[in-house]
């Protein structure tokens, strides 16, 4: 195997890492700011992918599909926050687990009613359909590069929002001390609804972007959810930076794991988590008590 | 010849940028009642938390009976014979009053990794729990759920649980906070009785109480020790009068 | 409900279960066996959620490991000796719980939930992708365990009724064992940890050690349930340790009433009967089931009948 092969794998790892980051950053924020564990977060990834598939099918255009799909995903997220999650802020995590677990069951069933159990594919838009040749027999699909580029732009945007805006200030304050935000006279209900919807939008968007490279299939959200948990655990809860580093680490480990140690590939991400936890129980960027 | 039971050497704690305890070096003599006073935010509770292991110091050392206990976790420190009570009531709300004392007393068994013998049958633990109930004046409330007791009673229970762990040194964080005058008198009486065979380190805002039972006083301001000495020395200290007592006396 | 009433009710329920096979058809005996196994599994989880205050979302891993240990060791055996197979399953589950617990217990809250889930998922994928252990399809067992002394059959689990009584016996023994543990000093410490972990530590208990032991006990009993399930159904596959199973177990514990040992048994009855009954109403029964679980999460803690609330603390010291 030559260098270009590893280059392709590296690019794949980064692209996968970015998608994970979109999902995990939402999770870690829900966590840090709202103190909520949301098992249904993966479902929003799935919903995003199915919306992309469905709307692309209807409109014939992925961009239009994403444009129309995002508000729908946002609306779903908002409704879930208002009518379910918001009742559980003061309650034990146990009930959050139970409620969001049930949400998964419901979303899975709805998905089957609406779109059936078949595996679907989404065509890559024509502009991005080509590949960039690396060597004579290795090339790299432009669409995957495009995913990475979009994610970089989003990550920069997020970092700008969090560092520079008033919303970002509230988010940072909330992640470091939830009680403080509540005592600062900030409208906590609105902040929570906003953060939740944003997290949902990020997860759904990740699903939409991923739809053309992965297939769209039932249960796709759950795999992403659990690996995103691993990312959050590794990075430390409430830390966007941690989510980023964790996502990249997991991207690298899973991608290269599949190539180098195919037998153990899916176990390796979890082994990495175990090792990191032994070393730093609060995660790489989590605060020690 | 004095006998030091606990000693801190340049003990510091900072939270991010905030220095809550700054180079605190203090000697606590065996058998004495040593009160720590100071305005709110002076770092008194932080100091107690450092001594009990609830917080890890950023710098400095703590010696208890000559043994370095600086980075030990709270359970090890408790086992060495330092008991503490909390400023905010910190009890088992879903347990009865007696069960609270019971669990506390049971901590002095060699191990509680016992799986088969009913806990009820451990005579020693039972006696100890009954004794502490008696001591903190809650015998009549024995089977009441802790969450259903009055605030003052919960404060008394707080002290009782500490006593059930048979400590040699007691760290008391505002034991009188929120108590009525009747209850306060009872607790002061209890502290006086305890001081005969225990060492007490006491944070308290009630100055009458402090002056009636303390032998040594330390005044803290902004995380630092302003002055430390006997009650007389502190009363006469110029610096203390300016920052602390002066204000108090004007207010009253 | 006074204590005596409760004891009488439990005895009546037990007697009903004991005499059921005399009247019920073998189909219902089989269904009841499944329910009791699930009840045992949920009861073991309740030791963590309801008594120690540890919300584990990966409990199905130990259930699955109990089953896999049996299947892996005895898939080609002509006779499955109970006295070999059962201890092996329990030991495997205990060991797994020790390792997972040792790492997870350093954390708490949401973190603990996610880590236990992640570890369970690790085991899931390990078996899912391992061709040696049947991968997705799992492993089939063609014989039922037997207890023999010398060459004499003492107990053969071949018959549905024998198996039923063996499961009932396991459930009752586990119930008694846990009752005993909860009344012992150890039980006092873990219930105190649930009430106020910080104070337990301040009182001089090495909290993590108690949590770990509780985790291992719970894992071992889950392994027992997994062993029974594997032996009963005759196969074991990765879906037994999927996170759906862990989620269902939590639903059972909450629905039945955490912090009571009989609550999970009641919960298991309700959930299994729902899962058998709802599909007859509609193909999309998961919608209804999800709705019910959501209602439990939202409203149950508020409308819990008063009689259950008294028993939240089943371990009074008098």
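Chains: A, B and C, in written order; residue numbering restarts at 1 for each.
To be clear about the criterion, a contact is a pair of C-beta atoms (placed from the backbone, for glycine too) under 8 Å apart; a residue touches a chain by one contact, two chains touch by 3 or more.
As the structure is a prediction and not an experimental result, all values here were calculated from the model.
A.B. asks: From chain A, how many touching-chain steps at minimum until you land on chain C?
C.D. replies: Contact-graph shortest path, chain A to chain C, evaluates to 1.
A.B. asks: Most central chain by CA mean?
C.D. replies: Looking at where each chain's C-alpha mean falls, the closest to the middle is C.
A.B. asks: Please compute the C-alpha centroid of chain A, do the same for chain C, then give the distance between them in whole Å.
C.D. replies: So the centroids are 32 Å from each other.
A.B. asks: Could you please state the distance in Å, as a whole number, between where the Cα atoms of chain A are centred and where those of chain B are centred?
C.D. replies: Result: the chain centres lie 48 Å from each other.
A.B. asks: Calculate how many whole Å lie between the centre of chain B and the centre of chain C, each centre taken as the average of the chain's C-alpha atoms.
C.D. replies: 43
A.B. asks: Residue numbers in chain B touching 2 or more other chains?
C.D. replies: none
A.B. asks: Enumerate the contact residues on chain C facing chain A in the complex.
C.D. replies: Of all residues in chain C, those touching chain A are 49, 55, 57, 103-104, 106-107, 109-111, 113-115, 117-119, 121-122, 125-126, 128-130, 243, 247, 250-251, 254, 284, 286-287, 289-294, 296-298, 301.
A.B. asks: Over in the complex, which chain C residues touch chain B? Could you list them?
C.D. replies: Chain C residues touching chain B: 180-181, 183-189, 191-192, 195-196, 198-207, 209-210, 213, 312-313, 316-318.
A.B. asks: Can you name the residues of chain B that touch chain C in the complex?
C.D. replies: Touch residues, chain B against chain C: 52, 54, 73-76, 78-79, 84, 86, 90-96, 98-99, 102-104, 106-109, 112-120, 122, 125, 161, 165.
A.B. asks: So in the complex, the part of chain A that touches chain C is made up of which residues?
C.D. replies: 31, 35, 37, 39, 84, 87-88, 91-99, 101-106, 108-110, 112-113, 222, 226, 229-230, 232-233, 237, 263, 265-267, 270-271, 273-274, 277-278, 281-283
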